[in-house]
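Note that subunit A is present in both complexes that follow, paired respectively with subunit B and with subunit C.
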Partner chain A sequence: MKGSFFRSMTWLHTWGGLLACWLLFVVFFGGTLSYFRYEISWWMQPESHGVVAEPDQQQAVQQVISVLQSKAPDSPLWFINLADERNPLTYYGYREAPQPGQKRGRFVDGYLFGDSQQDGINLRDTKGGDFFYRLHFDLHYMSAITARWIVGAAAMIMLVGLVTGIVIHRRIFADFFTFRNGKGARTWLDLHNISSVLALPYHLMITYTGLLTLMFLYMSAPVDKVYPGGRAQFFDDQNPTFQSVKAAGQRRSEPLPIQDFIQRFKAEKQVESVSRISINNPADENATVTVYGREAGQIAHYARSTLYNSQGDALGSSREAAFYAPEKTANTLIALHTAKFAPWPLRWLFVLGGVLGCIMVASGGVLWARRIAEKRLKANQPMGWNLRLVQAMNLATVAGLPLASLVFLYLNRLLAADFDGRREWEMHGFFICYLLVFLFALYQPGRRGWAFVWMLTGGMALALPLLNLLTTDYHLLAYLVNGQWALAGLELIVLAGGLIALWGARHCLSKPGIAHQQNARPGSYKVVTQ
Partner chain B sequence: MSYLMVFSLLCLSMSYFATGQFSHFRAVHGVKLTGTRRQRQLLSAWGILFGGLLAACLVKGFAHGSLIWIGLLTPAALFVLLILQQRSTWLQRIRVVALLLCLFSLIALLYAG
Partner chain C sequence: MQGIRGIFSAPATGILVRIGSATVLGYLATAECAVLIAALLPSAPLSSVLTAMLLSFPLFTALIMWSFHVPRAWRALTDLGGFYLAAALSNYLLLGALV
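For the complex of A and B:
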């Protein structure tokens, strides 16, 4: 304890926040972009921009099944993702028969055109929006499990930071509408408070539900110890469609009546449409079909699904009607985190919460550095390597991540469509840019550094629609004319972001602030006013 | 339309919360806030806030309605904050516009059935 309860809470809030703020920014940034995951993926595959979604789901299923029958009649697994308003393409995948020495065969996937449902569309290899989605909990260049533990620890610190922040913010109601501009560290404090308090329900919800999504990783012991059969059995029992039926080894004489299964599923589960279909051993007598429903308007994470055998008997069905109270709670809370249920206006409210989360974390980090710099300036003390490191991390993370994201989008258009390893190099480009901004920030952590990175970000953002026009057959106006609002919206958001970045650059250059000049001795810096 | 209605109500509510504070009241009205008047401002703010919740739940159901209401609190508060920062004297006009928008969206919702 640091003297008093209030001081202890302040200490915990400050140091816990500082320790995790850069990682939390990455998580918030990636998570916020994940709300546009499918739209980013769509933009990053321009070959599909001319596609119009097939309105008749029945016809789409029939066509994709005939393609799979011609391409992979003996495959042990077929997988179909049907198109919807956010995903204009019908996706299919199949597993090839394993080669000698292989446990499982290669997984091959592709897309069908939405309008004519003809096979043969060659989309460029890219991770698309999934990169940001994975980044926000799996990070990169490390095992997913390790990353999830690290992100979980950061989320826990965030939760502690929110609670301690509420405790230490004594004027939470008095300062509710207060923002004092141009007052140095106080301005950053006001920005930190506003972004935290105005979106507090969102911050609490997203942090708590984020931890909840991985609860069986973080707190696996109760299920492992108490549930008969452990976690594997628990998941099997929780979702009875997780059953494997062995192949009989006898070839089916007739194709599977998938359409009948879908009609029956819709009637049984009271769903309007189907989102995906998975077929095991499609050519075998013991084929099984799992149909997943699309949850329209329901705040639910677990999709309604049924596993059918080849005769159409239900072998297992999702048990949403028989959920226990904890399952219902988890179903709702995890759905709130992913927001897949959210219609566009509500999705935008989630995005606003995410943006405010980014501002909260960023302003916290900048505020810490600013206060220390001001203290040292008053005491005429050297800046020190630790402050310079924090400033560099702030710059690299807050301004560097948007720039790195633009580099990611630029590489998507500039690397040749058939370039081997393009998917990886798009991601490498993101991290190389992040690293370069960090190195630059170590050299120039002050306002000029910020201004330069914001200027670069703004310039690249404003030029993105032009790059799209030059490297593909499509452009912003075409998207607007064709009513492809997702694609047009993405470019318009980037344009707006570019203007904000340029405003930020101008702001950094126009305001006098604290500048730091390097002394002759390495590692020692003197603080001077600009 | 339901979003517009709830947003206008929340803007109204937030504006009363803001003028329930001494400094903002003086900036908006140019006079000192008295105790009774402060109570009236805050009572109106809380009343409209819960009215907004009720309206959201009636139109969109409890699950979606409450979610929309919580979600719209943030932009409504941000909007009022922005007005106070830039043109605090506009707050009264904003209230009138919010009220009109609320009525318009209510009529549109009733008309649409």
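For the complex of A and C:
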């Protein structure tokens, strides 16, 4: 196209990037926040901020089982997530027996409190950090599968964008050190280059592995057509703990010896602690129990797990010892995406990569608008509605999403803790804010608009610890004194973000931008630019 | 012949043809090719299926770039279409099934 490889790839990079950049920003932004998924969830349930100590696991299992036994003795499914370094609460859930006309019963969940292990304290209902996690591949207000296809298409554009970006880049090493400030589009290009090149391995990794996490949706043809027995058989063979055992219809006389199963599991799989337990038909003769180990110090993303029947015989067990090389490869690549293995210093490097990804995508979008604006200014053309739309989308997405996230956190504290729709309205608030910023940006897409949104974001961010102090029994200093680094860290990050936002607002106001020049009468722009 | 080429060379049509080739034909060709790789690899099915899936995304990327690289838009159609047909035919002969 257009004569040369370089030019055709530049075209593809530019227009593919423009098409997907806002969605990609949402994905990068939500994905980056997902590195703090559990910390955000914890912060958003202040009723649990008194928890300090991590409970004894054996005791926690005992207590959660007795809670489930009293609440849902006839449930078809119990589910337990045990507390760990990042989750101070023991989580449990159960499915109610289906009502007439229902295929499956309602899923009910709750928490046990860390050191005291008491049940019955009501945590406020919130999606918490899971909101950002889900947002980054399930989006919102649409079916998850539709959303995953859309995000998958954006991820392919991202992958193509990265590869074309590399091939059209003629001075990768030099651009490591190149940043020309105050040069209009040139400055944005430098920022785009620096953020892309600095974290290039991260960008390639996170995009490719993101596609791999959903490869059974995106590229299922090989497994459907070639694997004997198709996809269902593949999953059964790959993970023998995925078996369903039918209920016998006879009640058990004794409770399941789950502690014994855990002991056996730890010995057989050589793990020090357990992360999850799920129990099918706990009241039935044919109950089954699946125990999942916690993988300390291991990268590959798979859970050592074993499925036991009610007598304690292993019906199936994860095959980590018999993995084929491609399985190990896929597991490791997917683990690099989720970064569940990453301890805090490494986690921060992942976060840095994610932030650079956000900057890469955002600067790409802004660069496009800036170039067109300069071109039209030079040719003395009107700026046009299409440029305004792109500018508004840039502003609404790049500055609007942090603001919307703050609205999400604010609503978490401001909506009544027992308000029925609070979980939904926290999320509606996020999207309403996004929409309002977009409408505002259509009206004011220039530097002033950016400055206003950054100022609002900065103000709300700096006031967040104050909001927490006023609406809960806890505050930043208490978190620091108690050594609750997750909670203190969240507020400190928001404070730092607020300062950056205010710096951004000041920067936007410090000189007249192209938005001012566009208001100038034709022919007089040269005077205005100086 | 010149007439057909002319239609494909018009800028807007050309771009649409390239986008269509890259997405539809590119995806189909990738899927067929991944099936072919999975079928041809001598390793255990579990292993070869996963290998093919891991390789499919770089391949798709290359095909997308190819359909924007070729100097004439109709080439995107013929190249990716040809690649798809070749992979599909091989699969048909090997497995007796089209994707």
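As a working rule, the second predicted complex is superposed on the first by the 512 of 530 C-alpha atoms of A that agree within 3 Å, B and C clash if a C-alpha of one lies under 4 Å from a C-alpha of the other, contacts with A are read in each partner's own complex, and residues count from 1 in each chain.
We take it that a residue touches a chain if its C-beta (ideal position, glycine included) is under 8 Å from a C-beta of that chain, and two chains touch if they have at least 3 such contacts.
Keep in mind it's a predicted model, so treat the numbers as computed, not measured.
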Have a look at where A:I194 lands relative to subunit B and subunit C in the superposition and call it first, second, both or neither. first
Check the residue A:Y202 against both partner chains and state whether it touches subunit B (first), subunit C (second), both, or neither. first
Let me test your reading of the model: by the given contact rule, A:I299 touches which partner, first (subunit B), second (subunit C), both or neither? first
Just subunit B (first), just subunit C (second), both, or neither: which does A:W454 touch? neither
Touching A:F137 in the superposition: subunit B (first), subunit C (second), both, neither? neither
Counting only touches as set out at the top, which of subunit B and subunit C does A:V160 meet: first, second, both, neither? second
Of subunit C and subunit B, partner touching more subunit A residues: C
Return first, second, both or neither, reflecting whether A:Y308 touches subunit B, subunit C, both chains, or no partner chain. neither
After the superposition on A, what does A:F350 contact: first (subunit B), second (subunit C), both or neither? first
According to the stated criteria, A:N181 is in contact with first (subunit B), second (subunit C), both, or neither; which is it? first
Contacting residues of subunit A [partner subunit B, same complex]: 174, 176-177, 179, 181, 194, 198-199, 201-202, 297, 299, 336, 345-346, 349-350, 352-353, 356
Touch list for subunit A against partner subunit C, complex: 1, 3, 5, 8-9, 11-12, 156, 159-160, 163-164, 208, 211-212, 215-216, 219, 221-223, 225-228, 234, 237-238, 324-327, 329-330, 333
Provide the residue numbers of subunit B that touch subunit A in the complex, in ascending order. 3, 14, 17-18, 21, 24, 63-64, 67-68, 70-75, 77-78, 80-81, 84-85
Can you tell me which positions in subunit C touch subunit A when the two form their complex? 14, 18, 30-32, 34-35, 37-39, 43-54, 56-58, 60-61, 64-65, 68-71, 73, 91, 95, 97, 99
